[in-house]
Every structure is written in structure tokens, then in C-alpha cells.
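Take a look at the structures listed below.
Look for chain A in each of the two complexes below; its partner is chain B in the first and chain C in the second.
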Partner chain A sequence: MTARVETPTVDERQRQRTEVAATREMTKARRLRRRDLALAILTPVLLLVAWQIAADTELIDRQLFSPPSQTLSRGAEMVASGELATHVFATVARLLVGYSLGAVLGIIVGLAMGTWRPLNAALGPTFSALYALPKIAILPLLLLIFGLTETPKILAVMITIFFVLQINTLSGIRQIDAGIIEASRAYGATGLRQFRFVIIPAALPSIFTGLRVAAGLGVIVITAVEFVASNNGLGFLIWNSWQLFQPERMFVGLITVSILGALLTFSVTGTEYLAIPWRRADRPARRRRTEKKR
Partner chain B sequence: MTAASNVAYDATEVSKVFFARDGPVWALQDVSMRIEHGSFTCIVGPSGCGKSTFLRILGGLETPTSGSVEVSSDAGDQPSAAFVFQEHGVFPWFSVLDNVAFGLRMSGMGKRSREDIARDWINQVGLTDFEDSYPHQLSGGMRQRIAIARAFATGSPILLMDEPLGALDAQTRLLMQEQLVRLWELERKTVVLVTHSIEEALLLGDRVVVMTARPGRVKDDIAVPFERPRTVDVERTLEFGDLRHHIWEALRDEVLASVEQS
Partner chain C sequence: MKRSFVAVYGALTVIATASACGNGSGDEADGSVTEITVAHVPSTLFAPLYIAQANGYFADEDLEVSLQTIQAGQDAVPLAASGQVDVVVAGFSAGLFSAVNTGLDVKVVGSMGISTGDPDASPTALEVSTALVDSGEIQTVADLEGRKIAVSGGPGAAGGYQLDVMLREAGLTIGDVEAVNLSFPDMEAAIANGSVAAAVPPAPFTTKMEQSGVAVPLAVPPAGTVATGVIYGGAFADSDAAQPFFDALARAAGELQGDAAKTDENLQILAEATGQDIAVLEEVPFYTWLPDLAPQLDQLEAQQQTYLDAGLFDFDEIIPPETYIITDFSENAG
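Up next, the complex of A and B:
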């Protein structure tokens, strides 16, 4: 072959043009994503600034809506004195113990009901009826039985979480594709091995949906319980601030509770991401080498 | 009665009745069929004629309402039949490698050896670069190839396939048919394949069994004379056209009947 002069061919020029256009498109998509993020952050910041200004100019009642700056300094005081930590610790302990116990029990019972028909027949209707009962309504009964101890608080959370997980686990098993079960049987997965390799992974997405829903519910229930039946914890802090008319202390409590809820939900989502790798949409198949022709 | 030594399955007067809301449904009626070791049998029939049910009964996934299936114990302690399902039935939570190795894992083979065998079959079906991918990241045709590799990897001498290529587009299907012919000619397993496609049955099979509309009975049993190794070129021969016509003639009334049933 003779050496050729290095001038771009028509083909090459067309390719370059397409590449430039593709790069431009990508840059545009990235810019839009950055804009979305900026907007998402800007909204709460602007709201807080507006609140501060409105309070400073007496546009809103400073007594009721203590300006963010005051809430912040009150929060710093409470952190420094250890008051906030005491409340956070009390709530987190109750929440975690109740949540874990309820979740574990709910998953176990849900799995058992999903795989063992008589158990489902025996418990299903009763559980469905009990599910509709607002769990917070049984708090007085629990207080009657256990007195003003930690037990009724933890139990109230636990019962709430239990039903959510039991129902989600069961429906996760119900939704397993019959073809998958048949395939697993055909390949020799029966009994415990079917449970481990097929039923649990198949139900896992639904279980995690339950865990996420339960995280939010758990925070609601523990806060409500602490309103009435506790002398510590974040629920107590919020309620007590109302009684003492200390709005900025109340705001500190409210913000802390929402952070707690967000953290709990976030850790469930994170665990879900790690536990269910096959559901990640963001991992494209490897395609670097081309498939061999046969 | 014991099955002759070269017979893998001996089905005698197998009937199956399902109970639906508006009464019993006869899926199969007195189906008798002998399937020899190392043979490739294709079953064609109209939709709902119970051919899938028959396959499941052969594989022991369903029990016949009456009649019996003798399975030869020639295979010794070999794993039982390996299935390829219509909807592929690959496990979404396993990687391609784990899916293909699943049967071996269930039969207790160690990780190293089962993964070696699985990799070999992944290569055979042309998924080499995808062993760490999850099924949802792949196309329908690739998922079906996982299912086929999974079946071959078990090393089972018997393969039961329920419309394994039914969900594929026409071109992929042609490619996969070629692949199946090649794999089968390499391994000479006993295969029973249920299909809608007359061409597919003639291309792949040694024998084509035509079933009637519900309740499914054996209507015709045709030996396929084409030489092996086969390629898709047999479809261009005159004989192929004649056989296709013959089978369609047998099938036509049954398809009509099945359309009227539904």
C-alpha cells in the first residue's frame, strides 16, 4: 500500500461532526442536572431567608414563628448543654429496638405465612383486621398493662412495624412469578434451598419497601407516644415546649425529628441498594468486546 | 412393565384433567408416546392442546390424572431432566454465571468446578462477556440463551424444552435454531421440544409428533429424514416443503378447532 496524505476523508469528517454534536448533547444534559440540584437546594434556603426577614421585620409573629437564627442559637445551646443528646438518645434507643424487633418478627411471620398455607389460613384474616386498627390507639392499653415504663413505648413501635413488614413480606411472596418457582423446582431447589435461593431474594424488594414505609411510621409512632407517655425523648421535647411556650425549642425538636426520620429512611435505602444489586438500573451490561460470531 | 433399555420415557395412556371454575378441562387424553435415548422429538399442536402439560408430566413437574410415565433409570445418578421454559425462568437476582451454574449448585457441586462448566456453556451460547451481568441488563434473546446454557450445563442427558425460542424475534430465532442444532449434534442428548413452528420442528427434530386440539391426543407421528449435521439449508429442499405441507394439513383442522374452543 502507498502512504496517503493525512487529510480527513468525508467519512471521518462526518464522524467528527456527529461526535461534536453528541458531546454537546451530553454537556447540555449535565448542565440541566446541575441546575436541578441547585434549584432543589435553593428552595429551602430561600424559604428560611424569607422567614428570617419576615420575622425581623415583624411581618409574622416572632413569638410563634421564632426566626431561624433564634432556633439555631437555641439548638446550639441545647447541644452544648447535652439536653438535645439526652432526648435524641432516648428516642433513638426506643425507635431502634422497637423497629428491629418488629421488622425481624414481621419478616419471619410473613415468610412463614407465605410458605405454610395453614398458618396463613389461621392468621391471615385476623392480621388483616388488626392491621386496620390504628396502633397508637392501643397505647392506653399497653400503659395499663406495663405502666409508665419503656416497654409500652417500644411495644407500640414494634407492633406498628410488625404489621407493615408482615404484610409486605407476604405480598412479596405472593407476587413471585409461578414460572420462577417452577424453574427452581425443575432445577432441584426444594425446601430450605428454595427458600434461600428463590423465595427470599424474590421477596426482598417487597420487604425493603416495607422497611422504608415502616421507617417513617416508626418515627411518627414514637413521637406520638412520647407526647403523652414520656418525660424524655424528642416527642416529649416538642410537647413540653408547647406547654412551656418555647417555640424555638419546639422548632429544634421538630427539625431533629425530621433529620432522624430522614437518616433512618436513608440507611434503609442504602442497605436496599447494597442488598439488591440486581435491581440497579444504572449498571449497564458489559459490552466492550463484541460478541463472537458462531 | 419396564421400559426397554433404549427408551428414555415411556408414557402410557396419560390423561390430565384440570378443574377450572366452570367445570373440568381435559388437557390430555390417553397420550401414549415412547421417547428413545438420544432422540430429538418435537411436539407441535394448536395453542392449549396440552403439549406443555405433557412435557411437564414427562419432567415430573406435574402428575398425570391417570396413566403412567416410565422413566428409564439408565442415567443412574445423573441429574433428572433439564428444562428450558417458554418464559425462560431465569432468576433475576443471579448473575448470568450463577444462573447457568444453578442446576449444578443444587446438585451439590463445588463452586470452582460448577463455575468452570458454566463458563464453558456461557461461551457456547455466545454470552462470554456477560457472565457478571444480571438478566434485566440483557435482551430477551440473551436471556433465553441463559436458560438454554443453564439446561445444558446440568449435564443432564435429557432436555425438555417448552417453546424455548417462542419469545424471540424471527431473526434471532433463526440464529438460535442453528445454535441448538449445533449444540445437540455435539451432545446427542435426549430432547423433547414443544413448539408452535412446523419449520422449527422439522429443522431440529428426528421426529415430529402432531397433537390434536383439546383434549390433546397424538394425531400423527412423523419421522424426519434429513441427514445430520443439518443446517437451515434443509428448509430449501423439496422434501422439506412436502413435509411441512403434510404436517400443516394434519394441524389445520386442529388449529381451527382450538380457535373455536377459545
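Up next, the complex of A and C:
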């Protein structure tokens, strides 16, 4: 007796085709992510290898451009002696305080300017002009007022971060679709409720863009400030190493600054991932294996 | 015939054009004048350079000198070693000695401004906060132990050596104080707001802070202290232009002896070169210059020792002078 083979229904055939297509897409997405990760890791590694080869073959002057092997060796010494940690902690402390204060103030002011037109009219042009001012240029004034303390260094970072976040927050509010605001009003969201449940969530992507940009700028500013007004920190390490003609230490400082900037940016990106869950909706969702229905 | 003429004409044009192109400084521009690039820090310390340039002494030696401003001598030492500049006229720093020890091809060939040691007329002084002196907290240089002292470029700079020689006369060294890097214009404010107890500025900053009552001079570098000079790139030192360039410098130094340093003409030249007001230059004490600008070996050794004692080097022995000092140019200056 022949076993009865059930012919799949039209709906089942459709579901199977959809599953096959989705699985194919997920596999492709996974493959692309692995490729991107490999490229992200291999590119700097290849550059370092090329640098090492150029130094070993005297294509570049290894006295001025210390090869990665020497730089790493010196870096290991500086880690073991605690010297690098001292400079890292000094810079990170200044950076985090300045970044946090500047970001909070910038977001608050940006939100206020975005929702209260007279304030934007009053402060907008002035802030646009002040934003363009190189903050390192006002450092002598800050030193004059606050002396050789941590305050001028933190303020230089804070002012830089403030303007970036103020501009991005304001921009985030301005780009909110008017239709969304209308719709929210229609559903009864006005005043603070509208602010909390509509305006802030809509402005968040722009705010986080500002936070990411500000992370890199903050590192640049604190490094520059430590060139001229500090006895510790990564900026001081870089500047002082060159003054003493110790290029390996300088490159250790440069690499550490780069890693610091990357870590800070990565932290912001991670926070953004958690804070804006609705932006994850366009990514391929994880699928559970479903049992074949018999 | 016509084709041959065009070919020959074209070849001659190419050859002529190639001959006319120089490949940078230190080379002859049109067959008779040599172009030289000199990196310098604008300061009256290097007066012979500006006098020589303004009075045409370099031109007399068939040299065309291009002055490039730098912030610190150390910035230009690697450039001199690689031939990007021919000469550096600036302060000597720990970085110079480290670079020499590493094997960079630079030579110290001359000295520049030398301290007079005159406590009433020194171009550099250890300026101490008037408030601290009046309160009795600081009466002598020895009382500066553990205090913050502003030095442009930090302890590894020429100012660091000058500070060290002044401290040593009081039984201290630069390791007994905290040398803080501050630019000259910021020193007065730092003393005034109590950020630092003292500073080592040159004139006219010394005069300015004394006149404003912010600081008083407590010590000056001993006579003969020198931490600045002339550095040749290795390639330039071997070139035919090296001696003529030095001859022109020494000729200018000869016109800066004694009271001749402050003639109206010289002050005008220095005012234009450094951007300072003539009235200010008239008031401030000047350095002195040896007529032959000979490098001071004992000073260079003492300067190295200062940095060695301060732990600023990766090496631990004085570099032999013959490694990096050439005295021939000053000896032959005519």
C-alpha cells in the first residue's frame, strides 16, 4: 500500500518560499557583517605591516618614524611602569567631565531653543559665531581667569562639546515632520507630554549624531590643550616626547589617543543602540527554527 | 634640414630648462647665488642673523637666505637633519641632544646670545612673585624648592637649563622644583593669579612684569651662560656655502659688540625682525655675542648634564663633543 503524500497547500508553499528567501537574506547579511568586521580589523593591521616593512627597508627614516615593533615595545614598557596609565587617566578624567557637562548643557539649550522661538532668535546668531572660534585660541584667557588648574582644560572641552550638541539638538527638532506634530496634537499630546513622547524621541537620532561627532572633537581639543597647559595627559606625552626627541613615546601617545577616541565613539554608538530601539526595526530579525508541520 | 633644426632647438631648450631648475635650498639658483633656508625663532637672542640679513652680508657672500619662522628650535632639528632646512638658529634643548644621540645628522657650529650675569641688566632673570616675596615666603632662591616655576618649553628647553644654573647657585637643581611649560606672554598672568611662584622669561617680559609690580628678579644666569646657537644640517655643513654663511654671521656679530649693539640702525633692524617695539628694545638689556660666535663646549656639556640629572634622556652619558660640534667655521671666520 502506497503512503499518502500530503501536497502542501498554497499557503504553506508561500510560507516555505518566504522562509527560504528570509534565510537567504539573513545568511547574506551575516556574511557581509563578517566581511565588514574582517576589513575593519585587517585594514589597520595591513597599514601597520606596511609601515614596519617601510622602516625595515629604510624607505622611511626609522629615527623619525619609529616602526610599529619599536613603538609597541616602548608602549609595553610604559604600561608596565604605570607611566601610560597616569597620562591616560589624566586625559580621560578631563575629557569625561568636560564631555558630560558640555553635552548635557548643549542638549538642554538646544531643546529650549528648538521649542521656544524667541530664545532661538536671541541666541542663534551669537552661537553660530562663537561655534567657529577655535577653543584652543581662548585657552590663554581661560588660564588668565582660572589659573593653571584643571578648570581651563575642562572648560575648553566643555565649550567645544556644548556647541556641537546645541546645534545638533536644535537641528533634530527642526527636522521633525510637521505632520507628526499635528498628529500628536490630534491624539491629545500637547505641552510637556508632546515634548516627552514626541519631540525628544524624534530628536534623539540627531542628538546621538552630535554626541558621536563631539566624542572625536573632545579628544582633539583635550589633546591640544594638554600640549600647552599641562604637565600630564596624553597631549603632554605627545608634545613632550617630541620636544625631548623620543619619537617612540610620541607614537605611543598618538596611538593611545586614537584608541581613546575610537572607544569613546564606540560607547556612544552602543548607547545609541540601546536608547533608540526603533532604529533597529530595519535590521533582519532573529528567527526561530519552526517545526515542519506534518 | 628644418626637422633637424627643430630637434636640436628642442633639445637645447630642454637642457637649458633642466639646468635652470634647482632642487631646493642649499643649491645654486642661477649659477652664482646659493639659496639657503634658515629656521629661526624670532628673538633678539639671534641678532647677528637679522643684522647680517638686513645689511646684505649674506648677499656679499653670494648667498640668498630665506628665513623661516618656527616656534621652537626642536621643531626644526629633524628638518635640518633631513635637508628640509639648511640652518637652525634657535635654542638648544634636550631634544637636540637626544636627536644627536639617535644619530640624526646635525652639527652645532656656533653660539648665539650669551648671558651677561649682570643682576641689574640681565636679559633673562628668575622673576619671583612680588606677593610671595613681600609675605616673606620666598626670600632666596633656595626657598623656591618644591614650587612651580614657569619655563617656556618645560624643563627640557633652553630655559630649563637657564633655570637650573640659577638654582644650582642656591644648592638646588631643576629636579627640586616643578617646571611648568608656559609661553612667555602667559607667565605674568600665571604669577599674578598664583598659579606659579616664579618664571624664567626673557626681556622684554622681565621688564614688563617688574614694571607692573607682579614680580621681582631674584637671580640671573651667571655670566657666560649660553643655551642657544647655530645648527647646520649635516649635508649643509659639508657644502661650500657653510663657511661663507658663518662668515656673514660673524661679521654681523662683530658689529654687536658693546654699545654698538644698540645703535638706531640695529634697533630698527631688530624691531622689524622680531616684531617688538623700538622703544621697548631701547629699554631692555641685551645679550652679548662672541665676535666669532664660537660654540661653547663647556656650556653644551653642562646643558647635557642638566638634562641628564633631570632624567630627560634615554641615555646616561654625555655625548662626546666631536660627535656633533664643529668649531672649524668659527675658527676660520674671516
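Note that in this section the second predicted complex is superposed on the first by the 234 of 294 C-alpha atoms of A that agree within 3 Å, B and C clash if a C-alpha of one lies under 4 Å from a C-alpha of the other, contacts with A are read in each partner's own complex, and residues count from 1 in each chain.
FYI, a contact is a pair of C-beta atoms (placed from the backbone, for glycine too) under 8 Å apart; a residue touches a chain by one contact, two chains touch by 3 or more.
Quantities reported herein were computed from a predicted structural model and do not represent experimental measurements.
Peer 1: Look at A:Gly188 in the shared chain and tell me whether it touches chain B only, chain C only, both, or neither; answer first, second, both or neither.
Peer 2: A:Gly188: touches chain B, not chain C.
Peer 1: By the touch definition at the top of the document, which applies to A:Val198: first (chain B), second (chain C), both, or neither?
Peer 2: So A:Val198 only meets chain B here.
Peer 1: Regarding the shared-chain residue A:Asn240, is it in contact with chain B (first), chain C (second), both, or neither?
Peer 2: A:Asn240 sits against chain C, while chain B stays out of touch.
Peer 1: Tell me which partner touches more residues of chain A in the superposed arrangement, chain B or chain C.
Peer 2: B
Peer 1: Mind working out whether A:Trp278 is in touch with chain B, chain C, both or neither, as first, second, both or neither?
Peer 2: first
Peer 1: Let me test your reading of the model: by the given contact rule, A:Val228 touches which partner, first (chain B), second (chain C), both or neither?
Peer 2: Touch partner of A:Val228: chain C, not chain B.
Peer 1: Which partner does A:Gly179 contact after superposing on A: first (chain B), second (chain C), both, neither?
Peer 2: So A:Gly179 only meets chain B here.
Peer 1: Spell out the part of chain A that touches chain B in their complex, as residue ranges.
Peer 2: 177, 179-180, 182-189, 193, 197-198, 201-202, 204, 276-279, 283-289, 291-294
Peer 1: Would you mind writing out the residues of chain B in touch with chain A in their complex?
Peer 2: 59, 61, 79-83, 85-87, 89-94, 102-103, 106-107, 126-130, 132-138, 150, 154, 179, 182
Peer 1: Name, in rising order, each residue of chain C that touches chain A in their complex.
Peer 2: 72, 74, 77-78, 82, 93-96, 98-99, 102-104, 148, 153-154, 156-157, 178, 180-183, 185-186, 189-190, 193-196, 312-314
Peer 1: Which residues, counting only chain A, touch chain C once they are in their complex?
Peer 2: Contact set of chain A toward chain C: 61, 63-64, 140, 143-144, 147-149, 228-229, 231, 240, 242-246.
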